[in-house]
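Chain lettering (A, B and C) follows the sequence in which the chains are written, and residue indices restart at 1 in each chain.
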Amino acid sequence: MDTATALLIADLVGVAVFAASGASAGVGKRLDIFGVVFLGAVAALGGGVFRDVVIGDFPPLAFADWRYSVTAAVTALVVFFFHPQLARIRRTVLVLDAAGLGLFTAAGTLKALDFQVPIVGACIIGMMTGIGGGLLRDLLTAQIPLVLRREIYAVASMLAAAVVVIGHRLGVQDLALLVGAAALTFVVRVTAVMRDWSAPVAREQ
Amino acid sequence: MDTATALLIADLVGVAVFAASGASAGVGKRLDIFGVVFLGAVAALGGGVFRDVVIGDFPPLAFADWRYSVTAAVTALVVFFFHPQLARIRRTVLVLDAAGLGLFTAAGTLKALDFQVPIVGACIIGMMTGIGGGLLRDLLTAQIPLVLRREIYAVASMLAAAVVVIGHRLGVQDLALLVGAAALTFVVRVTAVMRDWSAPVAREQ
Amino acid sequence: MDTATALLIADLVGVAVFAASGASAGVGKRLDIFGVVFLGAVAALGGGVFRDVVIGDFPPLAFADWRYSVTAAVTALVVFFFHPQLARIRRTVLVLDAAGLGLFTAAGTLKALDFQVPIVGACIIGMMTGIGGGLLRDLLTAQIPLVLRREIYAVASMLAAAVVVIGHRLGVQDLALLVGAAALTFVVRVTAVMRDWSAPVAREQ
């Protein structure tokens, strides 16, 4: 298996995990089968579509390569039909989600740098690639996005973006950067979940 | 009347119908006159703007051709001033909406294929052209989008997209495809409304 | 100080004011520190990102020039830490917001015209540059956008766009147009706030 294949598989695993999170939210909101698949696809592909639109890569990868949408749709269908059994593997999904967050952010930041976006912009675009799908999922279910409320989620994503930008400047190889940044995010995010860390809220008036 | 004129008129009828749906929602939510026009325009033009942005056609048709935004705004104003009388033609609006859904989806799918989007992506973009405006209308009124909940609406749209992609492969002429796909969607959607069909929901845990 | 510098400073003041409005909404909704900064950045930069995406200018200025995102983030952090003291300068913020609205709209309309968007489309894009950030801020906090409800806000923005388009046709210089349109919007908006003007709502059925 060469590097490109390894990256594609990692990317599709991220798509599947994010699709599962969107589909679960859809089942919880009593959406119909189409709504569940749609919410899964938006959660899985929304961040990448935003990234490709703002860097000017048309059509976005999610529409150019059928494996992305099919992976998202199939995963969402599995959640639709088997969600009671899936409740048991919630812990596994949380762990996979942490891996997906790091990977999507790091890959998004790298792609933005490749498209000549300056470093601060590339960090923001990378972070939006990681958290954008979850934001849209929450918007479509008429909720204030989870990522804006309590947990260390976006911060873990920002960390991955910063590591990629710095490493890229220092000439570190893309693949090493991807793996390193994703691993770091993964560790921070899993630790935050286990220790129940959360970001501060402004004091009341 | 040549084909291009016929298509433009059909497109503007779709814009008017979708604008009426958005404006009605705005009146129902007690928005002011600007809010009603804005919601009408978003419902009418949102799907097409999404389509043009992801296929890379700038500026989107809704901003390039003034007839689109003016048709949407005038329709919304009519709804704002005459909405009590319009309640009586609700059935007509539902029928026109079914026609608009099929037409927008079919035209969106064809345009995506013209812009070299592969078939699966073109289907998704076509469907988003058809259902995107309604999604945004519901988002702006802080509701879980109707299309994700119960009715056979998005499925009728997917059908139109699939017919266009298959027909296009088989070399069927664009105009025939447009008419055929839109008609099929129309029949499916109207039947679903009359028979009260709906898509399944996941069983409770 | 030359014109370009003056314009950049005016633009960044607008960014800061809009970021403060987004951050205040985030503090009110009890978001965490990241959520407050994110909401501030969306309110400040969302309109401009929309403008650049639909006119086809990639990457959008908000990602291409770090001063925009840093200004937004720093302002939002100030609001996060000092919001009780800021309540006292509410009147000042309202006045600055009126100035930002006019400036963003006028600059957005001009940029769209520069990118060959026809006049009606350029007006809409200009208005979206002015009101888009506030719309997104309200969407992310799961509210029906304020701008769609009561006050004379979007109408003041439309006025600025119309003045720019007409002045541009008549050959008025860009800088004079910017200043004139922004000043007109400012006066209309501030008067509307002081006199408690609001746009009409449709009569009940």
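Criterion: a residue touches a chain if its C-beta (ideal position, glycine included) is under 8 Å from a C-beta of that chain, and two chains touch if they have at least 3 such contacts.
Quick caveat: nothing in here was measured; it's all calculated off a predicted structure.
Touch-path distance (fewest steps) from chain B to chain C is 1. Taking CA atoms, the transformation carrying chain A onto chain C includes a rotation by 120°, reported to the nearest 5.
The geometric centre of chain A is 29 Å away from that of chain B, both derived from CA atoms.
Among all residues of chain C, those that touch two or more other chains are 53, 56, 139, 142. Residues of chain B touching chain A in their complex: 53-56, 112, 115, 117-122, 124-125, 135, 139, 142-145, 147-150, 154-155, 198-203, 205.
On chain B, the positions that touch chain C within their shared complex are 26-27, 29-36, 38-39, 49, 53, 56, 58-60, 62-66, 69-70, 80-81, 83-84, 87, 139-142.
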